[in-house]
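Chain lettering (A, B and C) follows the sequence in which the chains are written, and residue indices restart at 1 in each chain.
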Amino acid sequence: MHFHVEVRNLCKDYPGKRALIDVSFGVERGEIFALIGPNGAGKTTLLRILDLLDEPSSGTVLFRGAEVDYSIKDRKDLRRGIGMVFQRTVLFNMSTFDNVAYGLKVRGMSEREIREGVKAALELVRLQGFEGRNALALSGGEAQRVALAQALAIEPELLLLDEPTANLDPRNASIIEEVLSRVNREGKTTIIMSTHNVFQAENLAHRIALLNEGKIERIGAFQDIFERPHRFLSEFARLENVFSGFSKATPEGTSIIDVGNGLHIEAAFERSGSVIVHIPPEDIILSTRPIVSSARNTLEGLVVQISDLGSIVKLKVRSNRDFTAQITKRSFNDMKIGLNSKVFLAFKASSVKMI
Amino acid sequence: MSKPKILIAVLIIAIFATGMLIYEQQFLLKPVVMLATTTSTYDSGLLDYLMPKFETKHDTRVRIISAGTGQAMEIAQRGDCDLVLVHCRDLELGFVNGGHGIRRIGIMYNDFVIIGPMSDPAGIRGSSNATEAFAKIARGGGRGDAIFISRADKSGTHMLELSIWKRLGMDPSNKSWASWYLAAGAGMGAVLRMANEKGAYALTDRGTWLSFKSQLANMAVLVQGDKILLNPYAIILVNPERHPHRNYNGAIALAKFMISEEGQGLIANFTKGGERPFMPIARNLELAEALGFPNQRDELSWYDARPQ
Amino acid sequence: MESPFIEEVLSITLLSLRVSGLAVLIGALAGVPIGTILGFKRFRGKRTLMRLMDVALRSFVNTLMGLPPVVVGLVVYLLLSSSGPLGPLRLLYTPTAMILTQLIMVTPIIIGVTMSAVGGVEESIREKALSLGASNWQATWMVLREARMGLLTAIIVAFGAAISEVGGIMMAGGNIRWFTRTLTTAIVTEVELGNFALAISLGIILLTMAFAINLLLTIMQLRGVRG
């Protein structure tokens, strides 16, 4: 048996930069394979090579054991079995229906097949009734779901996704995650996706590859990789609210973790020694007045960065360490927060998760 | 765009292009005589009055290119027309002597007049000596009283103006004249309007003056009747040996029409603004010879001997 | 007004439309593909020589965009003149010569605007189409489709330049009454004759016509925005 997709000794050089260095791995048919790594690790480069948009500088790509020869015909034929969702949502300036139908049209399918294919794909991403809307007028989350429907409409054997939920609000992100696990379960679609979200990888992927500076650092199941702290994780810039530190168990069955810079965090687990913890941004309560609550951790800081993601707003708050908090657009507007506003943060000990 | 839409677009373009070709054919079916002439001749309206009569009679189309005298001669020299109707003796003779044209024959004349402001600061009114009037204008200019506007475009009118300055031994390109001698580089109509605005003197052919007179409230004809102000028009055929593809016979037919009793009569009766700007000379041998057509008799009999 | 006058104005107007319309049509048929090729980033070579040639070509197109019409008219005149290399075609002083003049004038404009329109539609559109299984042709067509606003702008700009141009068609067409006289050259003639009122009327016809056509194209553009 061959791997569905296999790469051997893949290298990709750009002028002045080595984007991929000797990357080798194989992905089984029906497997979900996640690429995790910080920005610039080479995730996008690798996915582009797998979608045959770029050629590797050296090394080989094999589909079902057959080496890709990069002739125009070979590229097109192979690509017809591959769906790709790009990190930056790209849609055509036409109706949602026409966008999703495009892949079917270029395959010369009949009107009826196209209608049915589009209907099924839009149902899958829960965008029934959006057919007539212009795709460029959709919200960020809807647009990314249309992009996913475009890739799904062609019923690909292999689905490539480049950070499909980056910058999406949790509702749209969870719809996409659901769709991915469903097509993998029901259609046996092989999925290779890059993500910066470790929990997404844990929830979805059968296997994970850690990519850093163009090299694969580790490959394996989630537990194998994350059972002990990995040096690499501390460099994990994109994952928010990740801190490494020394944990001390308390008599109450919790732990106090010294994460540096004079900051101590209380966590609901009992552990002594080096740990890496993560606090999900949506678990942090943010206020403009001092917070009196049962939460074990309270901090005070200044807003240093504001990212508007549509219905939600992410705020970077500088305290002893930097924290990212997530609030709705409405409360953001109500609280009249701007850059350098003084805010207070609170989170429960149970929100502090060890990774 | 879908495929049927592209097809429709291509179809429309094709119909459009074919339609245009057919439209063009309609002009190509009739023989064409190409006449190059000067802007002032064309602007007089004489040709628009004469040519339809020739076209009906001969079932021919006359296409008229009007350009500056220099450009008209250049067009003829390159073989881009069949004959020329011009009025600049030196250029005409050069053209014939250079072998570019043949059968130069006098057709008609009009005259030039010196116009100027009613107030006439240079005091030239009533004189019939153009040279003397120019000298007075130059003196007035030197005093700062008078302004002269020149076509400065190498037109027949400009050439005549230069020859008058030359008789006086004066050179308009002289820098000290810049304060009152304005080189416009424009057509006759534009110069007349400028003169009206600035209260300046100018040399103009009577035809253009007549057509603009009503718009030039402050201007009057001050000097006229000098023999050097007479402006004879000649027809010259483009040399068929140089340009064998040209419509030589068509050119002869048109020339014959212009010098025929009928044509000459039409020229004499052409009126503009209540006056008759052109006097026929083709069959007035004495006058023609005096106006610079020494071979008028021979040319006339050559043309008359050609079959219709 | 008497009917021959109306007939003449009509024939002048139709000729203006015919000459400028055909020049822009043919110019678009040639200019859009060339502009597309030049606009595509992937055609830009990696080697220094290729890049130099690319820069030179672009600068050349941009220079041609600013060609003075009279110069184009003179060149066409010299080419088509009986004594010129293309003299035997007997095209001088015909509407065809005028179309040729305006064609030379508008094609660089169409190439230039197409170039930036296609360049502005990101490479991501092409890759997206390819990744959905499109052939190279289909992907290129998709880029053109996405750049359609820019292409329409190219047509509008080119038509505006063509219909209002005088010097070039005067040289190549000769401003022959009933044959090569257009609205603009007729205006020049009427001004020369002192018929300012008539010249202004012709100017208003020219303006109205240009407005009508631009209105049409702009409506198409607005519909295009909605997809």
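In this section, a contact is a pair of C-beta atoms (placed from the backbone, for glycine too) under 8 Å apart; a residue touches a chain by one contact, two chains touch by 3 or more.
Owing to the predicted nature of the structure, the values given are computational and were not obtained by experimental measurement.
For the pair subunit A and subunit C, there is no chain touching both partners. Centrality by Cα centroid goes to chain C.
Between the Cα centres of subunit A and subunit C there is a gap of 49 Å. If you average the CA atoms of subunit A and of subunit B, the two centres end up 82 Å from each other. In this assembly, the C-alpha centroid of subunit B lies 34 Å from the C-alpha centroid of subunit C. For subunit C, residues that reach two or more other chains under the stated contact definition are 145.
Across the assembly, subunit A contributes no residue that touches 2 or more other chains.
Contact residues of subunit C toward subunit B in the complex are 18, 21-22, 25, 29, 81-84, 87-88, 90, 92-96, 145, 174-177, 179, 189, 191-194. Note for the complex: subunit A touches subunit C at residues 51, 53, 72, 76, 79-80, 82-84, 86, 88, 90, 92-95, 102-103, 106-107, 134-136, 150-151, 154. Subunit B makes touch with subunit C in their complex at residues 1, 13, 16-17, 20, 23-24, 27, 34, 39, 43, 48, 63-66, 78-80, 187-190, 193, 211-212, 215, 243, 245-246.
Considering their complex, residues 122, 124-125, 127-136, 138, 142, 145-146, 225-227 of subunit C touch subunit A.
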